[in-house]
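Note that chain A is present in both complexes that follow, paired respectively with chain B and with chain C.
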Partner chain A sequence: MTSKRDALGLVLLGRESFVVSAVIILGLLLSLVMLAVTGADLGEALPALLSGSVGDARAIEETLSQSVPIMFVGLGVAVGLRAGLFNIGGEGQIYVAALAGIVVSQWLPVDVPVLAVALLLVVGFIAGGIWAAAAGWMRAYLHMNEVITTILLNGIGFLLASWAIHGPLRDRDGGGFPWSEKIGEPFRLPILDIGPLTMPSGFLLALCAAVIVWIFLDKTVIGVELRTLGDNRDAAAYAGARVPLLVIVAMGCAGALAGIAGVVELSGSQERLSDFFSPGYGFTAIAVALVGNARAGGVVLAALFFGALTAGASSMERIAQVPASTSLVAQAIIVALLVVARSERLGRWVRARRQLAAALDGQVT
Partner chain B sequence: MGPPPKPAPGSHLLALADIWKRYDATVALSGASLEIERGEIHALLGENGAGKTTLMNVLDGITLPDSGTITWSDTEVEIDSPKSAVSLGIGMVHQHDRLVPALTVWENIALAVGTSFKISRDEIAEHLAELTERYGGVINPDALVSDLSVGERQWVSLLRALAGEVKLLVLDEPTSTLTPIERDRLFVALRHYRAAGLSVIFITHKLDEVFALCDRVTVMRGGETVSTFDVASTTHAQLVQSMVGRAVDTDFDRAPSERGEILLQVESLSVQGARQTIVNLDLEVSRGEVVGIAGVDGNGQGELIEVICGVREAAAGAVTFGDEHHGWHNGRAASVARIPEDRHRHGLALGLPLWENVHLGRFRNRGLVRNGFLNSRRAYEASEAMLEAFDVRCSSPDQPSGELSGGNQQKAVLARELSDDPDLVVAMNPCRGLDIGAARFVLDQLVAVRDRDGGVLFVSYDLDEILAISDRILVMASGRIAGELKPGPDVIEQIGLLMGGAEIGVKAQ
Partner chain C sequence: MDALIELFISTAFVASTLRLAVPLMLAATGEVISERAGILNIGLEGMMLMGAFTAVIGADLTGSPWLGAIAGAAGGAALASIHGVIVIRWAGDQVVSGLALNLGALGLTTYLSRKILGTEQTEVAHFEPVNIPILSDLPFFGPTVFGQSPFFYFAIAMAGMLSWVLFRTRLGLAWRSAGEDPDALDSVGVSVARTRWTALLVCGAMAGLGGASISLAQLFTFIENMTGGSGFIALALVIVTRWRPLWAVGVATFFASADALALRIQALDVVDIPFQISLMIPLVLTLVMYGFAARAGRSPAALGRSWLKS
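And then the complex of A and B:
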């Protein structure tokens, strides 16, 4: 009876995707209402939104490119969530990793492109990982809430990067802007041509990361231990898991993925570090992980959706003069609705209604 | 307020009659009754979960009963909020004090008595001075509650409960956090209140406190008030029996067995627990025996088992599993099974599927791991066999363990712990919440471990279970082994004495 197992898996998946789809549709509709109320011309704005996100090859590349950093960071947030930890520190981890990437690329000017990019990825992995593992260590041994420590480390990480590009790493030929020099040519990730479309190679890396995260969480012992930790910390300890170590590992993984987001953004998109390097990827990624239900596949889809929203919104601003921050409002509405939809109380209410309905059916027949 | 007064027999201050309270699937109170006279100290005795606190929450208006009547001074009343309890003259001192640590003593008192918008420090302080004069104690009204010791905080709680016109004082396990000196001071004060005509309900699970302080005692078990005794004419054994008795099929066929090599040795163990401190405890478990630990809940059994299972730090002493060459240093080998007291807290990850839960912590021992990767197919198939062998009723191994009934959850824990033919089993209340048949199944499993020359350390609050399967019985009281007994027909009396704090065959402190 293996079909039973599959059926249950599908049922669970089905219910969750239904909830998320319903929430997204409702959230977008509410956002449209808001746009209409504020006097935007929907007849102009909607086509602009679509053409800017999926209208042509350029739009699709922009959507993919926008989804790369939030997919990496979102995967990290998801690993943390599955272990019962909340990584709010993606932003700081991105900046620290990008800073480390710039520094290493200037110290070790590797000429072979593949090696250079691999080095950059390793540096980002380690820098982001250490930055978040520090919060994990404080959680495990000093009992400091990781929500607070990662938020505080955001400030430290950002200001560290900012200091570096205003000071020692400032590009002297940068036209007076406080930013770093461009990263060396071999360190850059190429744009791939696939048939009629173009795709940032970072997107392929992000998909690989999603597969690795899925295997890590579902197919390894440490993954089971992390999920046990997330479900019931006491049971994990009782079963012999080294809880402090697991907490550090989970936070480290979360930060490492955010760190990779930082170096991929550096090498595949912006090429230099500035004060505006991340427009809040670390926070958007939290929404991505929540909408993706902290599952690797879910995070990929959610990141694509949010990437399309961002890409579409900027074209909406260009063409229809609707502020691009509308997409942030839509994201916020969706997350708020999702939190309500998943809330314990609502679930109980729905179950109670269903039981009532079933009881009434029973009386009728 | 309730229906018109109706004449009641006798002149009880308070009578609770036939109180029922159900939560979804569990019955917290099933027909509990309690009568309190004027000017008596009445003990409410029972295990954790017997319904003592629920019954007192009914009295305090925190919990509304499904049915039953409350009569106060011969008038039937309805208590629907703590406020109405206070207005009747009922003062509550909860087990964990409900003071606000960031406020001063007088501010906390003001929260209880203040009715107007404006509060005056001097008025409250004056009131507090009157209270201390009447009820004893020295308290600085301007001290911050967070600066007070546990005993002082309890005293403030007591004074706060007495601040109104109190006729009945309810104390929920007041001594659990007190030092012996603070306890004695509390007892002196309570006797003094009794002399002044106040009634006291004293909730406890400690027998010696009943005998030291109380006039009458009502025993609760499983949501029922079993019986009420005059303390002067009852015995430890009588109270123990009505607290813990449960009809278990005690007819076990056990092959005679020899004690073999030592599997578990606990030496000079001292533990600082939340509820009970363990001092200098020794015990050992050998092959071929079931060592039962009897005792009333909260005398250090939980702390002892947590240390043995590696989830609590010992202050001093050593726990050794087997010989060095067993490699059991941490007690996590396949040959050590650990059945935790609280299956929800320690036993299962309720959100994870059963097939993962029955391997928790044991994937490696069972060869289900290669290079860190799980062989999920084999783990899944193994789980199907285990769930069937232990008769766990589930829709499939994919079902989250949280969706199972309590008995089936416990069987899932047993499936995990007992499937590897362990040499040593450490089990704490493994039959808790199970019906008679399931309990019998669990006990059979433990006896089977002993019969194939394993060792079992078995903690239970249920004396009948202990008597049914133990080869040796240790009685724990106040964090110490009060005595060791062999099972026999007249052993219950002795166990009762030991549980109550008497000492037999143990050197005096």
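And then the complex of A and C:
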């Protein structure tokens, strides 16, 4: 029965993972074409891209390290998407949470490393959560679109952090750079040795977060309510869900995860807060969540992919003088293709072909 | 008291208000048209940035700021046509497509500006202020208000013209129908897709000109991410205009006056406010204005909804 449909490739077309892989391959090919057209030396750029992302233990650590913040923020965006909300505010949530992390670490110099890191995670969770829940509140009670409010809150959050590190939190012995002091030793996350490889411990935390998000969305009552909200807001309200509260909770969770990204980046990677703390993690995370189809497992894989792309792009810049901003273009092309792949017209076309295939099968049997 | 007078009633304040308002007027007017026709264009920021870039390339190649401005409009419209292919032709998600365009425009202009213009910022052929005869001789603010860059007069003229088109012509009626009730528009035999395409291209060209007004009339060169979020501000201001092109002029000017005030407080050292805090003022103001507008206004009914002929 299914042989004819397989022959038409229709079974595969319906499978999300196949669609996403095809989109990624096509997106990367188009990006390479763009590089070639604009005169980049692909013979030099491609090996640099590969060696910088998966070439050796150092490259793999860089890929994992780059994937940590976008995995956390991406999981948050995914939670929002499942509830029908779009958190574009990752950047602002990262900065606000990292700022809160620095403040608390200086205020409460805990000596026990495990406690210190736990405290930092809680602070990031709360700070990012509140920053995003504000956008949820504006959405629920003032009917303000969260896409626009979170974008504006990005600017405000960044400026708040920037003010702090140019002013009260500035490291007086920082060599003249406007940045905070390094976060205290007990607050730092170590780099782990596993066999021949090294891995930032933040990566393990991000994997744990993915498992928690999966359980939260698929196995808890509130997670199911959030998904109902995303599928059909009216139905959720009719079923007795407190929609305004759910909207605030969903945005709060999204921001809390972005907040954890901020403090983990602080304690596991950069150690100081600066104006260049987040090179657009909040935006890359949107691509991560979309490519991951807003599923925890998908987000993990997508974050690894985009982490590798970022790591590879910066090595391309170092070795082959191809600006790393090309990775932004690749992200954009992949997301744009993905929108087309999930568009209404393509969906319609696939359904029509399925019916045709079913009709053909009917004739054969 | 003198300091307060110095803050508000000075030609420098009026001049910087108008200068800051122009890109927002152009972009917001364009977005009003696009949203009236049902197309949400989150990529406004990217279209402004692309316009700023192509305008500099155009002015650099031809040595004419006018051809540069046209190149800016074309750059914005080119990006808008990608949005059109994705959301009109394929009926894809409008928000995600717009976000992708912003990301792509940032990456592409950064990449290409390093390739083409190099890292040194070369000054290109640009616009000088144009003094309107007689009016610019008026006392007080005459020289300021009537001595702006051509973009200023163009922005006001376009807001007036697009307002007339939107409310008084068949094309405008089609635009509004495409945003309110596309099925009805289709049922009277007008192509929803074609109607939305025209509105979106107008929006892209206007956003491109908005970007060009920054690069060709303010900074005379291209700098990475030089629009710095103006497109997002314009997006929020559109809601405050309640989707009326002429209001874009007033709302953009009001917003720009707050922005200019923040800059003046900084420059004059009246009060000791850190510059990050003064930069925050316009963002917070936008949120507040949006908050009030969101309760009062009603967006076009089919805004953000894709439409396919069944």
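Basically, the second predicted complex is superposed on the first by the 338 of 365 C-alpha atoms of A that agree within 3 Å, B and C clash if a C-alpha of one lies under 4 Å from a C-alpha of the other, contacts with A are read in each partner's own complex, and residues count from 1 in each chain.
Going forward, a residue touches a chain if its C-beta (ideal position, glycine included) is under 8 Å from a C-beta of that chain, and two chains touch if they have at least 3 such contacts.
Keep in mind the model is a prediction, meaning the values are calculated, not measured.
By the document's definition of touching, neither partner reaches A:170: not chain B, not chain C.
For chain A, the partner touching the most residues, choosing from chain B and chain C, is C. Of the two partner chains placed by the overlay, neither chain B nor chain C lies in contact with A:182.
Once chain A of one complex is fitted onto chain A of the other, the partner contacts of A:343 are limited to chain C, with no touch recorded for chain B. In the superposed model, A:222 lies in contact with chain B only, and not with chain C. In the superposition on chain A, contact of A:144 is made with chain C only, not with chain B.
Judged by the touch definition given at the top, the superposed model places A:159 against chain C, while chain B stays out of reach.
Every residue of chain B that touches chain A in the complex is listed here, in rising order: 309-311, 330, 332, 338, 340, 345-352, 356, 360-364, 369, 372-374, 376, 380, 395-399.
In the complex of the two chains, the chain A residues touching chain B come out as 1, 4-5, 8-9, 218-224, 227-228, 231-232, 234-241. Across the complex, chain A meets chain C through its residues 38-39, 86, 88, 138, 142-145, 147-149, 151-153, 155-156, 159-160, 162-163, 166-167, 283, 286-287, 290, 323, 325-333, 335-336, 338-340, 342-346, 348. Chain C makes touch with chain A in their complex at residues 42, 82, 86-87, 89-93, 95-97, 99-108, 110-112, 114-115, 229, 232, 235-236, 239, 274, 276-277, 279-280, 283-284, 286-287, 290-291, 294-295, 306, 308.
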